[in-house]
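Sharing a structure below in structure tokens format, with a few things to ask.
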Amino acid sequence: VGVAAAQEAAKAPPGAVLYDVPADPTKEMGRALLEDGGYGTRSQFETEVRIKEDNPTDTTSWTFTPLAAMLGNLTPSGLHFERHHGGIPTIDPTHHNLFVHGMVAEAKKFSMADLKALPSVTRKHFIECSGNTLTEWKGVTAKNVQRTHGLLSTSEWTGVLFSTLARAVNLDPQADWVLAEGADAAVMTRSIPMDKLMRDGMIVYGQNGEALRPEQGYPLRLLLPGYEGNTHIKWLRRLQVSDKPFMTREETSKYSDLYSDGRAKLFTLEMDPKSVITFPSGEMKLPKPGHYEITGFAWTGRGRVQAVDISTDGGKTWAPARLDTQPEPQCTVRFSFPWHWDGSEAVLQSRCWDETGARQLTRGDLIEMRGVNSVYHYNAIQSWAVDAAGEVTNVQV
Amino acid sequence: VGVAAAQEAAKAPPGAVLYDVPADPTKEMGRALLEDGGYGTRSQFETEVRIKEDNPTDTTSWTFTPLAAMLGNLTPSGLHFERHHGGIPTIDPTHHNLFVHGMVAEAKKFSMADLKALPSVTRKHFIECSGNTLTEWKGVTAKNVQRTHGLLSTSEWTGVLFSTLARAVNLDPQADWVLAEGADAAVMTRSIPMDKLMRDGMIVYGQNGEALRPEQGYPLRLLLPGYEGNTHIKWLRRLQVSDKPFMTREETSKYSDLYSDGRAKLFTLEMDPKSVITFPSGEMKLPKPGHYEITGFAWTGRGRVQAVDISTDGGKTWAPARLDTQPEPQCTVRFSFPWHWDGSEAVLQSRCWDETGARQLTRGDLIEMRGVNSVYHYNAIQSWAVDAAGEVTNVQV
Amino acid sequence: EGAESWGSPIGPDDLKGMAAYAPGGGDLPAGSGTVAQGRDLYGERCAHCHGEELEGIPETGGAKLVGGRGSLASDKPVKTVESYWPHAETLFDYVKRAMPFDDPGSLTDDEVYAISAFILNRGGILPEDAALDAGALAQVKMPNADGFYPGDTYDLRLSWGRADN
Amino acid sequence: EGAESWGSPIGPDDLKGMAAYAPGGGDLPAGSGTVAQGRDLYGERCAHCHGEELEGIPETGGAKLVGGRGSLASDKPVKTVESYWPHAETLFDYVKRAMPFDDPGSLTDDEVYAISAFILNRGGILPEDAALDAGALAQVKMPNADGFYPGDTYDLRLSWGRADN
């Protein structure tokens, strides 16, 4: 790619390259292959991007996945939501090691080459920030589903099970907790229960068939299926095995849930059942009465989604939605529901259950249980109002 | 992205952007989010690319997926193999229609918006060019697995079932074939059996969570799970329903299989069971004797992979491999096999069966059955020789 | 509103320029062309890639279009329009849709009839004074018309069933 | 060769500069610092983001570090080191690893002890003449130490079971 091409590329939407658009593509030879250098880009007509929260500094901030624009179940790696506490580090994988020490018989380090040579697993899981939807606790705030629910993304992850490393270091059977530490400027740390790590914890280096993206922890991150996003330590460099949690700033000052009695819960790690309608959703407009396919995502940190229901009358009556993908453990599903809009006002809602029987709460029940100061784990049923003009807005009922 | 940034970007590997590498990423703030404009790129340390066949013109040619570098089961969209017959067209989706006509009661056109409003399905499938591995018919030719087997990629696809459109146009029950036509300069056409289209044929607009990539048919392609790649018409603009095949140039002159008696088979559409070891594979070198995880891909066009076996002695003895992903219909699986290399010469092979009982053939059986002039559908067991120095080469045994 | 309301009717001009010409000829367009006309057109539009003698020019990607008869069962089969293609309609269809490679879709129906007549003549399939139109093209019997198996088959002995060891 | 051969032993210097300081203090490093030392250091390294009075400066992202006691059960809970943090070791751990935000990881252990002493003093937790070292830090009792539920709970009435309608 030369400078001229790069200048031209600068005019295209992020992730795309601009090409001339022929009047009739069947009458003109298309562009030759490998003009892209061997790594393709998205179409110049696709313009959806992550948007960022307006924080004082963009090195501790977050970006939202454009959920309403997602086609299918996976999130394209370039649109995976982000949360950074010390910016995105640039790490040379040939100098990166994972240290595993503490309550182990043989403290070990693993180079990236070591890790890639070990038996691997490949599994599809969502990651959701436990701060997803936090703006909605005290009332309607965000205008569209990218802002209300966009701290959620789904990928195919590839890496080594924690249990594989546990064998290699000869884990002390008394060990109960593991500190995971990142190599970013925040040197991010979280304490993870041993039960979780031994059940399905993964040390992943692959995302959607290729190496992790830099924003997702290149070259290595922790993947804890269904756990709140902050625990999936990115740029993972160290696992310190212990018999107690470390009570890091992230898990005390930040990711703890304040109840209305002034006391807080620590280590609320599993993400609760949740679903959201992405079409139609806030800031959209239905052009005219008629048939519409309501679609959206449902997910749960506790296993598989069992079922999704839809209401078009603000929760008075419910009917089952179709599940359009096969439920997998700790993975989003797509749902849909055929709806005839007669042109009158409607309030659209979805709710889900998971295979453990846990259900997504009404806003009333959630607040009765948790108050409005929890910050994290807001999983109330989302309501979208459709007015007689077809305008769709965020409401709470 | 300004011009200066674009100039800098021009020095990075394809698909990546160059950033400074700090000596200690924990001591320096990382880069801010959204410097990428909201659509991320891969790490500057990741350099694997598609490579192209050396053809007289790069508008009718193909590129190979770097299979040995794939992490997991999916192929990153930017590395999906390509085969073009008239270059890559640039198509504005707001002007693109799909016409469905011929033996239907109501000929219809569908805009992209129409199609996206219909009920959709999301499924993971491989696409393999039936010319994959064609260099190996007459003897050892290609040096590495990207060249031998790289016309194979796996994606999550999203779109409308053909049967959904069939209802909309009120298909004539006598119809047996459908011509699918692309909007590229080759105006590519193939005749597809109605049974296939009605069983699982899809009109897809989504790939790995976002719109199809331009090289994969943006904005619309046909997806025929397990069928030879050429039939998955890209830039799809027309479906003409008929009671007989159209005998297009692609399905007579090209994608037909010549037997040694001088006669050829037409419409050999399903891809046969096939597997290949990607580690270790051609042009790699094992540094020293010891433990290695043999890994690779297996797939079949007829349903799910049932089992994979490994031989390390050129086919004399076999043992089952682990399947590291869940078999899904017409989808690749990852397999692995723990191997102790004692430093002596070895010949590594994999073979697979599918759920219909079809099996991957030895080279001897395949050639006994088909001769060496078939060009397409070469699915013989692949052999990689490891010499005493650890060098891995393509061999035939 | 069920499936019958999805999509919209095709307008009278919507399919203009979109066609496929299957064997049987029922779909072939009006128009005609002779071998002589085809020779000139071929020289102008095709020869720089496929060769003056239709022998193919590998450096351009332009295939050999004639020759190869009797080679298909040999060690070195030569597949050309003459030796391999089962249907003459396919030649019309393909040239009309995709050739010339450097200006695809630029030929009129008359021109494609003429060029097809010329290629078939050089392949020894049509006489020097031949002309082609829809009816005549559908009558052409290609040398390898019977060179294809009637359908796909399962080779159970080799392809199915688990191996012994 | 089984799992025991995977990876390689950790060398003596490998973990240099990597540590985490859990409650109990057993892991805390040597060194010490006083409130007075901390006041100066804070003024140089922290105040431009967290404010001279530790009141926070929203435009920098620097949080309020003191105040808020008694607010947690109110409509407007104010969470600070003083009002919310259960363990003083966490303050040492966090400042050492991640602060100052504009030069992370640049403080010595002595400096972190001093700055921690200063913050805890301004939060009314330590007296003006206090000094902190490993032993003293582990003794600090934070105002909200008992403000947390002992563990996670299941609210079966609301969260479990299928709804009625």
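Chains here go by letter, A, B, C and D, matching the order in which they are written, and residues are numbered from 1 within each.
The rule is short, and it goes like this: a residue touches a chain if its C-beta (ideal position, glycine included) is under 8 Å from a C-beta of that chain, and two chains touch if they have at least 3 such contacts.
What you are looking at is a predicted structure, and each value in this text was computed from that prediction instead of being measured.
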item: Joint neighbours of chain D and chain B, given as chain labels; value: A
item: Higher-contact pair (C-beta pairs counted), B-C versus A-C; value: B-C
item: Distance from the mean Cα position of chain B to that of chain A, given in whole angstrom; value: 28
item: Chain centre separation in whole Å, for chain C relative to chain A (CA means); value: 51
item: Rounded Å distance, chain C centre to chain D centre (Cα mean); value: 77
item: Contacts with 2+ other chains: residues of chain B; value: 26-29, 57, 86, 118, 185, 187
item: Residues of chain C whose C-beta touches two or more other chains; value: 97, 101, 104-105
item: Full enumeration of touching chain pairs; value: A-B, A-C, A-D, B-C, B-D
item: Partner chain D, residues of chain A touching it in the complex; value: 55-57, 60, 85-86, 97, 99-101, 106-111, 114, 118, 164-165, 167-170, 179, 181, 185-187, 189, 237-238, 240, 242, 244-249, 252-253, 256, 258-269, 272, 317-318, 351, 353, 356-359, 361, 365-366, 368-369, 373
item: Touch list for chain A against partner chain B, complex; value: 1-3, 5-7, 9-10, 13-16, 19-22, 25-34, 36-46, 48-52, 57-59, 61-63, 69-80, 82, 84, 86-94, 117-122, 154, 156-158, 183-185, 187, 205-215, 218-219, 235, 292-293, 295, 322, 324-325, 334, 336, 338
item: Residue numbers on chain D that touch chain B, as the complex places them; value: 1, 5, 97, 101-106
item: Of all residues in chain D, those that touch chain A in their complex; value: 2-4, 6-11, 14-15, 18, 20-24, 58-61, 72-74, 77, 79, 81, 84-87, 89-90, 93-94, 97-98, 101, 104-105, 147-149, 151-153, 155, 158-163, 165
item: Residue ranges of chain B touching chain D (in the complex, touch as defined); value: 24, 26-29, 290-291, 340
